[in-house]
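Across the two complexes that follow, subunit A remains constant while its partner is subunit B and subsequently subunit C.
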Partner chain A sequence: MKKANLVSGFRSGLVFGIVLVFLFLIGFLETGAGLLSKFFGDPVPTNTLPKLGYVILFLALMAIWSGSGSSKKINPDRFSELVLPVLVNGGVLGLMTALMALIFGNYVKAGVDVRNYLVAVSPASIKMLMLNLTEPVQAALALFALMTVATFLGALLHFVWNRHLSEKVKRTVSSKIESVGQSKMMSLTSHPAARYIALAGALALFFFLPRMWGSYWNYVLGTVGIYILLGIGLNLITGWTGQLVIGYVSFFGIGAYTFSLLTAPEPHAIMMNFWLALLIAVAVSALVGFLIGLPILNLRGDYLAIVTLGFAEIVRILLKSDLLTSFTGGPRGIRDIGGPTLFGADFSSDVNFIYLIFVMVILIAFVANRLQRSRTGRAWEAIREDQTVAKATGINTFSSKLLALTLSAAVAGLAGVLFASRNQFTGPEDHILLVSINVICLMIVGGVGNIPGIIIGALALKGLPELLREVSNFRMLTFGALLVMMMLIRPDGFLPARRPRMKRPMVEDPQEKAEEGA
Partner chain B sequence: MLKVENLNVYYGVIQALKGISFYLNQGEVVALIGANGAGKSTTLKTISGIMRPREGSIAFNGEEITSKPAQDIVKLGIVHVPEGRRIFARMTVLENLYMGAFTINDKAQINQDIQEMFERFPRLAERKNQLGGTLSGGEQQMLTIARGLMSHPKLLLLDEPSMGLAPLLVDQIFEIIQTINEQGTSILLVEQNAQMALAVSNRAYVIETGTITIEGDGDDLLKNDSIVRAYLGA
Partner chain C sequence: MKKLNKKALRVLLVIGKYARWTVGIALALFLTWRIYQVLFVQQAFTADTWLRFALSGLILGGMYALIAIGYTLVYGIMFMINFAHGEVMMIGAFCCYFVFEALRFIPAPIAGNPDLVFLNAYPILSILIAFLVGMTVSGFSGYFLEKIAYRPLRHAPRLILLITAIGASIFLQNAAMLLFGPQRKNIVNPDILTRTAGWTIQVAGKPVLISYTGAFSLILSALLMIGLYFLVQKTKLGRSMRAVAQDQDSAALMGVDVNKVVSQTFIISGILAGASGVMWGIHMGLVNHITGSLPGIKAFTAAVLGGVGNIPGAMLGGITLGVIESMGPALFGIDFQLKDVIAFLTLIIVLIIRPSGILGEKLTEEKL
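After this line comes the complex of A and B, so read on.
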């Protein structure tokens, strides 16, 4: 029996034990079991605890995870090698859980309200942890048994899976997944008929879904769309050109405010036409991007990141300041911002708006895609890879970077316009730095430099929190955990950038031609 | 063809070049040799416009290029191949070559050039769809040279092409340098490997802490005792 295996079993038990204690202390046990309950079509009414079965299931799932983890780590040839480490793993995990139940159980028995010290640990949740048993000792024993057995089960499952099933299943499933993601999908989509059918299907979906699923989902999806725009915009300068922009929200804010001031009745009562105001707002954002880039982009390194960071704060504080209240509306923000019109008719219902956002996203994604494949796009990429060499190959690095920043700011301005117009309100608090951080995050989560990745990232970052409303208080915690997991599982993002290969090789290759023919 | 006069270049307050002057005639291979930190790479960077001199002038075919931006200098036909095998790691070999032809707009011409590069460097042809970062050191060096040649330079500035390569590969690289020169490209070569550099060059300059101390024919310098002592370790 190898000592290292025992150690890794012990470690797995300890880690999961700590996680479990932590989850219990913040009151997540209840939420987790509630989620499971809902998953099985048995939603928990408010102010009641989930059924005992789901609590057990939640605990068991944690233990199974732990057990399969240590089986994966040890990766033995025979199951007998696994038995002892897994028992250690389960034992440690069980012991920690049991101890916790014992301690809290005794407190409850002694009539102490633990909530005085640990806010989230209510008597009800302790009762739940004790599996509805009254005697702490009984509960501890039951928990210990549960966790040990479940850990063992997890290891067994993983072992069987790994030995006997995974080869077959993996070969078929993961090769399919791989190829669906890449070559087969390509060959499928490159077939013209399939492409048009898929396109028609997607368009039909875009057309009908917003009419059906109600204004809440339209709102959520609109936000996702706006963030997709922001992601694509930031990707131009940060993803492709490699220049980090932290205060991207400033361009978003400038676009939103320019548009709002031009279309709202207060404070200026200009009441301009939607489309004209949109153009002006985009132009102003682009101009600001250009002016910011002008002095900085000659420098290398992180100056751009820092300057934009500062600029974003300046913009926000100026918008908020009392001094400018008569001009920008101050802390109260701007209300009754104009909605879009189409040939003179009002076009601002939530369904119409989601169409508008869809169209803009498709438009911008298309333009960005074309740009990436252009000479300019290649120059950007060369700058990201190596600025000195890019210079040495004859790229005007300064003007390329400036162009990227200007376009990027323009897209942010457009997103700002849509945002302000849809909400019919915008205030300084809509343009805090967190927006930029979110955009950077969604880019990283989805895959830097990849438009489909950005779309997935936006869905995950802006759509997922809405789905996570179930876990209410732990929304951000769950979200953070998901992000960390994401980074561990797919460090390059969900859909890592695959650079567009030149479809036809510049040089005719007889060999390749033969292969294509075959 | 290239005339450098009284070049003074600073990194902040540190003076890297202290009044360097030299010239290069059409069709020549000229070597700059010297120890680490002597100012060889700085000289190349200043010629290619990546760095700016505080004083002095650089003329190319009679035209003053001292304050021209780097991309214009490339268009004039001076191409800098930086040291350390700096390829675009996340681009394929083919795309790297394509980037080298950034200043050329004629697609047919580019395709023909790429074909030519593949004939000259068969290894690159084999790996044309591989990412640059996955090539071996020697292949990367070939790629940087090939990329440099893509824009039809009149003058190639080569910075330590033999750095960190196995002896056999070094021989190969220097053979390539000679062929390039025979086909009509002038070459300004910066090298630590003095023996090799002197063997392929028509003339050479020795730089020490920012000044040129010795100049002469490649063969003569090879026989020069002080050079042999200082750089050849004999």
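After this line comes the complex of A and C, so read on.
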């Protein structure tokens, strides 16, 4: 038993040590300390390193996390059982950090610039790791002591919390919540009038906010809206029907390009009306989705993923190539794409555009919501759950999947139209595979198969990075890690989809009645 | 309305039934016409150029085949597309870069040449070290990938596994970018394997260079494939791998440790991808974080082309795809920018005409 504890302490130290080394090598130590510094109201100016205290705090927080983790895992009755494993944990973690400081410190001392091989490890950041000490040995000892003590502290904190405080706190919090008058609140929010008032408030907010907060936020919110549309569209085929489409951006690109070619003065000078071009672009995207699905959808499920991936690459390469330059504008893209009009008047200011996007999002969300509860939507979910059973209950799986793909391609086309028209420019680089990966991510983060989840996901993935500009370098890395972690820990997302509750049919089942009688 | 729908559906299905044949025949006719045009009417390229295209296609195809085997092995056992497999290959290529860089800094002076470095003093040993390091690290990455990301999800729906694989692929790619920087790195080979050196043969009165690196990669990939074939067919490990691919539950009942076999499969596929990454580094000479993604996708295409779950199929598919990709643009008379388009179009066309691949699938269960 004791050996197992030691092993788990060792493992915790090793894992956190590797993570810490990795974070330092990609340059996150600096960013993390900077974020802490910003959190405490002391933002770091660009091109300067955060203060020493925040670096120590960041390292200590990692160690505390590690220590509390191993305390949680061992979960002993007495603290004395915890001492040795936690010392092992802190020792391993401290040793790895110290070793790293020793190695890089000696490199700096010898005047070797490791940035040729590890781009993020600048001499300044090594100095920061060495806690501004000059001698590598001193720095290593200091780091070792810091990490060991902090790990011990973490374990102690967790032990005390777990033993003595957590019950008490939980009891107080829950009693407080009860005393607030849960029942009163519930009855207030569930009253129909309250819902209408909330709806009216939200509508008023939607109407007035875009006029107030300036064009930058309108731009960000517009992007979020377009991604919500993409998320809802992808959700039709991936979330509800369970068929992964990786190259979803191809439909987005086709919608954007069709619309642009129809409305831009170059290269074709058709200059069509906005709404007509929108309809045509959506129809073309839907048609492409249909044609892609026709040969693929009755094959194994993964093939759709890989074929759409290949198709997205084909579309992007073709748009970029010299072959189609005279037709699609080539790598330069298309400029001066037409904006929307409303009864002949121009409707393309940024405030108007955000209204348009809001209306489209609400419209598509409404349609998708209705679809989910319809016969078609239930057929899709049946296919997702078990294709064979769905077939056996009389669902034509092929045509259902085809319908889902066509509709989702149409929604992507609509999003592409809005995107191209708002930016008044579109080029091959707007339609790289990253867009579809972003959409998959936001759908998963929010909760697969759930429209409010998608909205939350789009806000989190497209809106938050605007707030946290420091971490923009690490965004894709975090996406990747987040995807894996979400799948491992919470495969349903932050807002898991609830099945729409159906009313039981009023007609009683005769067989059931007969059984009851017997 | 409903009747109309059904009728329309039936018409669609009939069209679908004949579409396969129609598309196939039309395509074959078009290809013959095109090849006739290019080879005999236009004569834009002479025999030596064709030989050059074919050679580079074969070399590329050998690497694709090695990666494709990894996809096929994993797909046969777990029914998942291991999207991170291309990134494992990228790790192999980076290992090659770092080993060569490290050995370039180790002096090994001999009499008469005091500036000699280890890389040039012991070139064969250096290449061996590069392969050993690359294959070991990639094998370990395959192992940890399975252990951390895929094993907890063994019985989860396949969509979740697929998304996890995509997440792992994005993570590895961006980790490599943040660690080593986004710019491409030049791999300096030992002097005996300079990329411009090779045998020259005369074809149609013009010299054609068969580079040493190319010949080396082709021979090595052939050897590795033969080795793998024996491993799968003759050894106990191979037998248990085939058993698990056929039926996990029955294999477990017969005393096969399924978890261990899955781990070993990931290690083997990682080793092969690592070897192909080192070869890529030696032959192509450039590596960065996206080195693995396009070859990865194409190798999966190759696996589908040959028939998923079928190891000889993956080899054949890899070679075929490499040759199509390098000869295709010239053969169809289109721009060389579009060679990737040809590779992906091949995939789509194969799936339309013969979804089970050239040599047929070897998957026991129809898992949709």
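The criterion applied here is as follows: the second predicted complex is superposed on the first by the 426 of 518 C-alpha atoms of A that agree within 3 Å, B and C clash if a C-alpha of one lies under 4 Å from a C-alpha of the other, contacts with A are read in each partner's own complex, and residues count from 1 in each chain.
To be clear about the criterion, a residue touches a chain if its C-beta (ideal position, glycine included) is under 8 Å from a C-beta of that chain, and two chains touch if they have at least 3 such contacts.
Everything numeric here is computed off the predicted structure, so don't read it as measured data.
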Comparing the two partners subunit B and subunit C, which touches a greater set of residues in subunit A: C
Under the stated touch criterion, which partner chain does A:265 make contact with: subunit B (first), subunit C (second), both, or neither? neither
Could you say whether A:53 touches subunit B, subunit C, both of them, or neither, answering first, second, both or neither? neither
Touching A:379 in the superposition: subunit B (first), subunit C (second), both, neither? first
Tell me which partner A:396 touches in the superposition: subunit B (first), subunit C (second), both or neither. both
If you stack the two complexes on chain A, which partner ends up touching A:388: first (subunit B), second (subunit C), both, or neither? both
Going through subunit A, the residues touched by subunit B and also by subunit C turn out to be 388, 396
Within the complex, which stretch of subunit B touches subunit A? 48-50, 69-71, 74-75, 79-82, 86-92, 94-95, 98-100, 102-103, 107, 110-111, 114-115, 118, 128-129, 147-148, 151
Footprint of subunit C on subunit A - complex, ascending: 22, 25-27, 117-120, 238, 242, 244, 246, 294-296, 299-303, 305-307, 309-311, 313-314, 317-318, 320-323, 387-388, 396, 399, 437, 440, 444, 473-474, 476-477, 479-484, 487-488, 491
Residues of subunit A touching subunit B in the complex: 375, 378-379, 381-382, 385-386, 388-396, 499, 501-502, 505-507
Which of the residues in subunit C end up touching subunit A in this complex? 9, 16, 19, 80-81, 98, 101, 148-149, 152-153, 156-164, 166-175, 178-181, 297, 300-301, 304, 334-335, 337-338, 340-341, 343-345, 347-348, 351-352, 355, 367-368
